[in-house]
Every structure is written in C-alpha cells, then in structure tokens.
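Shared between the two complexes below is subunit A, which has subunit B as its partner in the first and subunit C in the second.
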Partner chain A sequence: MKISGPPLEALLRRLADTPAEWLHPPSTAGFEGLSVAALLSDYFDSLGLAPLSEPEVARFDAAKPKQSGWLSLSALILWLLHDAHLQAHCDEKATPELRRVLLNWLSGPLQQRAAHLNAESAVRTAQGREELSRQLLAGLGLRPDGETQAQAQARLQACDSIERARLVEAANAANERARKLREAMARKAAQEAAMKYNRE
Partner chain B sequence: MHPLVAPWSEAWPGAQLAWSRFVRLRAPLLCEHSKQADKEGLRGGIAMIRLDDHRVVIDLTQIQALGLDGFPTEILAHEIGHHLFVPADLSDHGRLLVRVRRGLPGHEGEAPLIANLYADLLINDRLQRQAELDMAGVYRQLVKPPKDAGKTSPSALWQLYLRIYEQLWRLPKGDLNSEPLDDVGEGDALLGAELIRVYANDWLRGAGGFAALCLPYLMADKQRQPPGQVDKLMDLDEVSGAGGMPDGLAEIEDDEAAVHPADDPKINPERQSGKEQEGDGDSPAQTSGKPKAQSKSKPGGGQRRSPFEYGQILKQLGLDLSATDVAARYYSELARRHLVRFPQRIAPESTEPQLEGTEPWQPGEPLEQIDWLESLLRSPVVVPGYTTVQRTYGHTQGSLPERTPVDLDLYVDCSGSMPNPQQAFSAITLAGAIVCLSAFKAGAKVQATLWSGAGQYQSTPGFVRDKQAVLRVLTGYLGGSTQFPLNVMRDTYDAAKRLSRPVHLLVLSDSGVDTILGSDERGNKGTDLLRRCLARAGGGMTLALNVHQNWKPKRLMDVAQELKIAVHRVQSWDDLVAFARAFSQASYADEGPGQTKPRKVQ
Partner chain C sequence: MNELTDKDRHPLLSPQGRTLLQSMTEHPAAPRFNAQCGDRLDGEGLAQVAGFEQQVASSPPSWRHGAQPPWLAPWLRETLPRVRAWRDWAQDTPLARLPTMCRSDLSTDISAYVPEDLPLENLVVHNTFGTTGDRLVVPWTPQACTMYLPLMRRALALVDVALPELPGRVGVLMVCWQRETVVVASVASYLGEAGFLKINLHPASWRQADDAKEYLQWSKPYLITGDPLSFAALLKLAPQIRPAALLSSSMHLSPALAADLREQFGCPVLDMYSCNETGPIAARDASSDSPWALLQPQLLVEIVDQRGRALPPGERGEICVTGGFNPYLPLLRYRTGDHAALRWQGSTPTLVDLQGRQPVLFAHADGRAVNNIDISVALKPFPLARFRLTQRADKTLVLETDPLIDSAELRGAVRSVLGELPLQIAQLPEGGKVVQYVQEGPGPRA
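On to the complex of A and B.
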C-alpha cells in the first residue's frame, strides 16, 4: 500500500453503477452463465498479457456451484479493473508479475472473503462497496488517493468482513456467557421484588 | 469581555445549520465565569441545553481550560442535538431511560450514564459524518490527561465507548482509546458502532441493546474514571429536572425488551442464520420471529410497571418529587385513559348568571376563572390562592334545562388487606383515581377519604376541586384494622347547612364494608347515620366491593334495599377498575329530575 492509487470515490461510484449483466449467475461446472474466465482472459489480453491457459480457465468456469459467490465477486473485480484510473495503472505495470499477483489474489484472498461478502452486498451496500474497493486496491499494493498509509490500513481493517466475523464471533461467545448472567440477575431482581412485596 | 464570547457567538448560526436551516433557537448563554455557569444550572459540565427554555449554556472558562476554544460549532451543535435529536424532550428521555434500565438488570442505577453515552454517540456520529464537524477533534482534546492527573487504571466502559467512536469514524486504532482491547472488546465495539448506525433513525429501539452491550463492562469496572476529561461533555443529566413532567411512563411498551446487538438480526445477520441452522427458536431475538426491537412501539396491552420503578425513573430524570407525588402522578396517568364524563343530572330549569362580586380563587380551580384585573387591583404581586380572585355570579331564572354535575364523596378502604399504593400497583387506588378525575372533568367537587381502623383516616378538607389534594389522599397508606369512618360521613352532612349540589357517596372496599352498620364514637347507629346522610346528600350511594358472588350479609342487604344503595360485587381488584370506568360512564342525564338512583352499572 505504498503507492497512491485512484480516489476511492471513483471505485465506489463504479460499483454502485454496476450493469445488471455483470451480476448474472456465473458459469460453474454444469451451469452455463456469465463466464468469469472469458472476462479475465479478455482483460489480460487487453493489457498485452497471456490469456488464461486451459487449467486456469477450468479453475473458474468449472468451479463447484457452491463457489458461485466467489465467481460473482471476481466478476465485480473485473468490472472495477476497467475503471480508467486502475486501467491506466495496470497498463503501466502490465507484466507477468501483475498477472500472477492478480490470479493468486482472485483464487486465494478473494475466495476466502466470499464466505462473508456476497456480490449483492458489494454493490448495494456502502460498506460492501467500500470493502471490495479497498481490498482490490490493497491486493494491487495501492492505497486510495489522499489517504496516508496508516489511514488506509486502519480503514481497510475497519471494513474487513472476515475480521469482523472473527471479532463478532468472539463477542457472541462472550455474550452467551453474559446473557446467562443477565438472566440470573433478572431472576434475582424479580425474586427480591416479590419478597419485598410479600413483606409489605 | 471574555475573548471567546465573540467567536462562539459567531459560531451559533453554523451550529444551528448543522441540524437544519429551519432551526431558530435563542442565542446561547455564554458564561464568562464558572460561578455564573453554576447559577444557570451547569453542574460542573462545560455545556448543556435546558429543556424548559431550550437555552444552551456554555461555561467559557472551562472551555478555555480544556483547550476546546477551537470547537465552538461542534460543542454548540452537540447541545442543540439533545434538543432536536436525542432525547429531544423529557418524555422521550424517560422512555430512553426505561429501555436502558431493561438492559441493565441489577445495575439500573447506572442507566443515566449509559443513556448519556448512547445519546452522545448518536448525536456525535450524525454531526461528524453528515454535518462534517470535527467531533473526533473534540474527543482527541478531551482524552488528553490533565497535567495533575495521577496514574489510574482505565475504565473498561470508557475504553469501549471510545473504541466505538474509532469504529464509527474509521479512525486508526488508538487514536482516541489508548488502551488496546481484546477480541471480545473489539467485537463489542464493532457491534456498538453498527447499532448506532442501524438505529440512528429509530434510536429508542436500540437503547436496550446498547445497555445490554455495556453491562459486562459496567460490571468489570472497579472504578468509572474516564480517560482524560471526556466526562466533561456528559450533559444529559443536566438537561432534565426542569421543563415539566414526562408522560406515558406508567405503562410498559411492548418494545422495551433489551435485545443484545449480537442477537439482533438487524445488526448481526450471521447470528440469525446460525440460530436458524441450529433450530434454536427460543433466542431472545427470535421469540416472535423477528427482533422485538422491530415491532411497533405501543403500550404493552395494559401492562404497567410498579409505582416503585416508576418513581425510580422519575428520580433518574432529575425530578425531585416526594413518594406521594410520584404515586399521585402514577395513578393519574393510569387513570387517564379510563376517564369519561362523570354523571350529571338535569335540573328543571337553567339560570342566567348575574355578576355579584368576587371571591378568592384557589389553586386547583380552572385558571381561566381568575379575574386578573381584580386580582391585580388587589395586589400587584400575584400570590395564587391569596391575592387571586374570581367572579361570583348570582342566578336569574332561565328557560332551558341545566345539567348539574353530582359531587362525589368517596370512601376508599385502606386496611391491612390492601397493598401500599406507593410500592405496588393498587387497583383500588386506580379505581378511586378514575372516578375522581372523571368527576373533576365534569366540573364536580370531590371529597376523598382513605380509611382503615377506628380513628384512622385521611381526608381532603371537604369537597374540593384540587386534583393533587385528592390524589395525595388516595395514594396514602394506613394499613390498619377495618372500621368505616362513620364520623367523617356524619360530620360532612351534619356540618353542611345546605349542599349546593347533590352528592353521590361511593365506597370502595371488601367485606369490611359491613362495619358501616356499627356505631360512631358518639353511639349513633350506622343505619341511622346512613339514613340521615343520604337524605341530605340527595345523590344516592354505591358500594363497590371485592367479595365473592355469594357474599350477601342479610342486615347490610336489607339496609341497602331500604335506602336504595346500589351494591356492586367484583371478583378481583382488577375488576374494580372496570367498575370504576363503567360507574363513571353511567349517566344520570336521561333520568328525570328528583331521581337519585344512579343508572345500573353492570
């Protein structure tokens, strides 16, 4: 995140304006829909990089149906990569290294994130749009224009749904314990009130 | 002149604009000395808004000492927020406290603090994110430790509070809260931040959840010392205590339950899906298929809180009331929805009023009856009840029939079998309040007597129109043996040379009512006294008794039949409330003149 990238607002706007076609169900094993592999291959081609190989195509288009959430997020990432600022940045850095980084990021971190963030939220909610945009920039080693590295890092963490899920799970567990305590205290208070009433 | 007066005055329009361009409040009171601030009602804080006159009060000396000179718009707008947003008025402040108390079982005494934190979070978040004011800057300044501060262990509650701000405003960790939180604390701060956002436009419903979130931190804190001087901006306890009485707190609303944000699907959707998968339909958030906080706010089907809890809430609102006044307010509020027109009788002919002079006007009588000109001529300094007068009229014969309200002589049993109405709900007190307030509504006068053993009674000074005086008697407690106050009844009607209007006697009691047939301290028999008093009262008598259906003591029944006394039996004290309502509703209006028997109630 050392390099200043495009302004965040432009990416948020672009996500909010995502055309409906980009949200169509993606192709998976046994279902023909929006081909994420084709979109990605075309994108690499537009940068003058090698298109996807057969095994790489299969990784996307022959994915299991339960991975469709990840594929939909990947489609949104490709929509974002066509943003003018990002396109210019990637044109400039169009090397096999960029291709490798992008493929690894899509198959690894983005796939994990799909368990907590769906494409619908990533387009319709402000938090989802911000999370996906910041994660893409971080994946490319960029930070939003106008933000310091520390600010960008703090904001990236603040809208990280994986981290959120982990922390909320910890809070849930603590709440279970607290709930039992609250119920016991409420019972005790009721008993005391009843005793007081009886005394009177 | 204090150097901050000019810049802070200039910031006032901007502070109003932060909420709306239509806000037009009186200019703030910028106190140049702390003494002046104390005099205006600030109790150690730096700023407040008074809910009675909607005036913002600022202590400029403290502002300068805390280094907040550069945040005039932020602080002024924050105070305006208490008037326009949270809690806005005393009633909503009361409702806020009610919900917060539900989230703090065993720690209800901390409700004002938690309500204040919640209100400040809502206001500051709106100002920071929508009005783009630098509220974070105010807190950065406030968390700085004072120069003379010793080392104190951090308060878990305040750490959570500041971390919620960091989450809300995406500030770097440690920007406001210098002590790192563990994963549970971080998770709670996340939930707290989302609660503030989710319930920003429906803040009453989020209050219980916020309190439930804070409860473990309240319990963990050995001391409540905030970092730096953050508590200087705590001002909600100072906005109350003035500006009248809150309304609608005696009954329980159905959305008061406190749902922890971790159990609230609006805030934590994963929790809901997880519970659904586990088939756990009994979680607090899902008992009705949706969080209780989502259901519409309305009175909880007649459920009421206890007078004790009601008093605690008023106390936390900063209202300094005696237990009797609290109880009077409580029963008056509960009675209000049962009020109906009190029985009136048609007199043969109405009369035309003719001015005859003036007489003293007493508190409790309609304000509009004061003759201000005469009162001011009597004394330029108005002392209600002493220098106030009202006009008196004589009457000339008119031509149309007139409706005359029947005065009420109420006897309420308060022996040891009755609950203390100031501690627990008392249906007999509520029934009495319903009948009395209905009578006042119709223009009648009331004499209320609370009775227990021989010589144990409290009574209003005759027939009065003073609602408070009557409610004070009704909400009193004697709790002794049982002996109907025959002496009060005797003196009431023996002393009255001529009753201006007919009087209806109403006795609310149980089987102890049969003591009415005993003898007074002078040896007069109850039957004779009843005969004499009823003849003078001219408005009839009703006994409303909580007794079993077959309770029919022959002697009492014979007397009731002879004197045309209506006897109503109810099976529970709660039924007495229904009786009171029906009694008040039953009208004499259609009956011809001279008839004294009230229309049958059941």
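On to the complex of A and C.
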C-alpha cells in the first residue's frame, strides 16, 4: 500500500450505484448467466493485455455452483476496475505482471473472502462497500488517496470480515475452553486434592 | 462427587507403605481422620519430581540487578502465546513493559491465565483462604504438589537439615489449629513412603483430651510444618518430641515464638514464605535476621511500586513474581500482596524486610480466641467476591461484603464461629484488594 490510489469515496459511490445487471447470477458449470470470464477477458483486452486462455475461462465460467458468491464478487471487482481513477492507474501499469497479480488475487484472497462477504452486502451496506473497495486497493498495492499507510492498514483490518470471523471464532474457542476449565475445576473441587506439605 | 480409589491416591503403595498407613490411622490415640489423600504419583510422576529436584540443585536463583536470568526470555516466548490474557503481547516485549497481575485477576477469571493447550484431566485444585485478598481456587498437578518437597529440602539445607527418604516412619507432620479442617494420614512416595500426617490440634479433632499429645509422641515426626497459630498451640501442648526441624509458613512468625519453639523442641525453626498461587518462594532460619533465600530455580522476583515499576535494591515494595513451577498457573509479574526489599549477594538475589500476612485473632463472645481461618471456612459457602470482617474494640462485628448478602444464613455462619456478638452487615465499597480481617481492639490471647 505504498502508492496513493484513488479517493475511497469514488469507489464507495460506484459500488452503491452498481447497475442491476452486474448483480445477475453468474455463469457456472451447467448454468449460463453473467459471464465473469468474458468481463475479465474484455477488461484485459481494454488494457492491451492478453485475453483469458481457455483454462482461465474455465476457472471462472465452469466453476462449481457453490462458487457463485465468489464469481458475483469478482463481477463487482470488474465494475470497480472501470472507475476512472483505477482505469487510469491500470492503464499506466498495464503489464503481464498486473494481469498475473489480478488473476491471482481474484482466484485466491477474493475467493476466500466470499465465505464471509456476499455481493449483496458489498453493494447494499456501507461496511461491505468499504471492505470490498479497500481490499481491491490493497490487492493492487494501493491505499486510498489522503490516507497514510498506517491509517489505511488500520482501516483495512477494522473492516475485514475475515478478521472479524477469526476474532469471533477465537472468542468462542476461549469461552468453550473457559467453560471446560470451570467444569473440570468444579469436578475436581468435589474430589480430594493431592497432598501439599506445608501451610499457605 | 467422584470417589478416588486407594490405587488412584497411592499408585505405588507397597505393603510396607500400607502397614505404615494403617498404623497411623489405627493408633488408639489417632485423631478423627475425616478425609483421605494421596500424592497420586506413578513412576513417571516421580521421575518428573526428581527432574525438578535436579534443577533446584543445579540452578539456584541467580541474576544480577537490572539483568534477567537466562531462562526468562525462552519462558516468555513459550508461555505468552499459550495464555489468553497475554497472547496479544509480543514475545520480545521487555518484562518491565508487561502488565502486573494480582489475586483478584485470578479470582475474576482464572481461565484467562491457564495455558490453553493443557489437558484438564490431570489437574487437582487447592482452595486458598488468604488473610488478604479474594478467595481463590488454584489448579495444580499432583507432580507440582510433590515438587514442594525438593523446595523444602532446599529450605532445610539453610539450617543444615537434610530431608532424606524415611520409609516406615512419619516424615512430615502438618499441624493446624482450626475449629474444622481436613485431617488426613497418607504416605509420600517421593520420600521413600515416609508417612505424612495433617492433624488439627483443636480439641474437637480428638477423642480424648490427652490423645493429641500421645499421638504426637507416638508418631515422632521427622519434620513438622504449620503456621504460627498452630505452632503456638503445639508449644502449649508440649509433646516430648525431637523433630529434625520445624517449618512455619502462611503467616508472619514472630522471633519470640520462633525462639520458644527452638528451645522447647531443640531443633532449628525455619520460616518459609509460600503462597498457594506460587508455591514456596523463600525461606530463612527463623532465629536469625538473615536475608530470605529464594528457593525456586525459575521464579524471577521483582519489587515493584504501586504502578508496577521495579524498585532498586534495598527499597521496599510489593513482591512481584514471574515464572513458577505450576504448569497450570504460570505467573507473569504476579503481585503477591506481600512486601519486602531485594538485596544482592553477588549474583544471588535475596529478600529482606519481608512482612508476610499477619494472623488475625478474633474474640469469641465467650472471650476465647478464634483463628481467622475458621471464619474463612465458615464463609466459604457464600458467593462473596470480596469481604472484610472488622471486630471493633467493644467486640462488635462489621461484615462488609461484595456483593451485599444480608441473610439469616450468613449471620448464622458468623455466629457459629464467633458466638452471639452484635453483627452489622454492609456493602463493601467498590475497589480492588482489601484486608479481609481487621481487629481494632487488643484482641484475645491465643
């Protein structure tokens, strides 16, 4: 996040104004809908980069139906990438490396995020819009215009649904462990202890 | 209640050990035993204690002021991530920047301080009724309970007394003086199946008036442990015995009582500083003004001010410890509530000017003395996070509790120990640690 990117507000506004057709159900194996592969391939083409290969197309349009949440988020990312500021940035950086970074980010981190953030929330809720916008910027190595790296990092973490889920999971695990310890100590308190040899 | 079997209590009990156990429990003058207890050690457990003893012998406490003992950094790296309360601290955070903790932290949520990767089947629990602070239940392991013995050995070495294996005889006798407590006979496999007795000198614990004296004289204990109130009672009873040493802990031992004990029993008297949360910390010859020798190989002792800042050598403050040998309760800058100063002899730190917890005697309505521990036991059934019992000069009582519980049962519990004295019950003001027992009058004679 070393490079200052576009203002966050522009991306938030753009997400809130997402046209309905970008939220149509995506194509998956056995279902023909919004083709994320086509949108992505066209995007690369607009940057003068190689369009998707057949295996890359299959990765998106032949995905399993249970991956449709990820594909819908990918469609939203492509909608965001057409923001004028981001488009200008990517035009300038349009190299095979950018293509590789984007493909990897969509297939890896974004796919993991789809378990915690759905496209509906990423458009309809302020928290979801901020999370998706910030994650895209971070994926491209950018930070919102006007923010320091520390501020951007702190906000990125604060509105990270994966981190929230991890904290909830950790809290639940701690509560469960505390419950088991309390029960074990109550059980053992009813039993005799082992000997100690001096007064305390 | 889950009943233990004899095999659970004494996994290694031999026929000789069983014979000793029977002779202790079946003696005609034996007290009214009201419990059973063992060390629960198998061969593996004994080996762990032996390993600890080697560590005690080979790694006495040693660090220079301002420096840290070499075990501390690895200990912090290993321990901090395993304990919920400390997990967010970087493992290389300097000790001085880590927060202190105290007894009320443990009584509020002890699970935050118990490493989360330990199995829960092996733990045992020990209650503690300190004269200050909150009531506390501490998880231990049978192995760690027996690790008290190597630490007692180290303490006894200060007065040139050994603690050898003593098969066939009573090795350790713990005396109490309370209206009610656990009275038990057992054997200590780590001492070659020496006998262990915990007896109560209170008359209610014996069948005949002379039984206590007769039983003590029969048992000829090698070592007697207890607290000053119990030793004062032992002094009055005056059994004709010659133990190798007396070891007092739990409360402040006055030099006068130590001298009387030494004279009557003809043996050295040790004063040991030991808490349920920490185990034995330090000891000294009670008949000297010598500094207190630290006992544990991996227990860093700091002296801190109210804000948790370490104080320089010679300056008195609160004793604050890090480390320990109880795997279920590692301690990180744990404030014990007791006060002392540190003094170095080369790279050996010692404690000086230690002021332990003072025993507090209350006057019963009929004038006799009552040990504050009896009051703690009577109040045990009540869910009091904190309380303070004050006896005014006119013997009237004020019991402040948190939360406020003014019930007939609570009044009855106090009455059962202290008799028909006027009792006012009030809400304890908000705040942290309190002195639980306050005697505003001259108090009774013990």
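Rule of thumb we're sticking to: the second predicted complex is superposed on the first by the 172 of 200 C-alpha atoms of A that agree within 3 Å, B and C clash if a C-alpha of one lies under 4 Å from a C-alpha of the other, contacts with A are read in each partner's own complex, and residues count from 1 in each chain.
Here, contacts are C-beta pairs under 8 Å (C-beta built on N, C-alpha and C of every residue); 3 or more make two chains touch, one makes a residue touch a chain.
Fair warning: this is a prediction, and the values are worked out from it, not measured in the lab.
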First, second, both or neither for A:Ala189, with subunit B first and subunit C second: both
Which superposed partner A:Ala154 touches (first subunit B, second subunit C, both, neither): first
First (subunit B), second (subunit C), both or neither touched by A:Arg164: first
If touched residues of subunit A are counted for subunit B and for subunit C, the larger one: B
Partner chain in contact with A:Ala88 - subunit B first, subunit C second, else both or neither: neither
Touching partner for A:Ala174 - first (subunit B), second (subunit C), both, neither: both
Overlapping contact positions on subunit A, where the subunit C interface meets the subunit B interface: 174, 178, 181-182, 185, 188-189, 193, 196-197, 200
Complex contact set, residues of subunit A against subunit C: 174, 177-178, 180-182, 184-185, 187-200
Subunit B-touching residues of subunit A, taken from the complex the two chains share: 150-151, 153-155, 157-159, 164-175, 178-179, 181-182, 185-186, 188-189, 193, 196-197, 200
Of subunit C, residues touching subunit A in the complex: 1-4, 9, 35-40, 84, 109-112, 114, 116, 120-121, 123-128, 137, 139-142, 145-146, 148-149, 152, 172, 174, 176, 184, 186, 188, 196, 225-227, 230, 247, 249-250, 272, 274-276, 280
Interface residues, subunit B side, partner subunit A - complex: 105-106, 167, 170-173, 182-184, 186-188, 190-191, 212, 215-216, 219, 260, 262-263, 268, 270-271, 284, 306, 419-420, 423-424
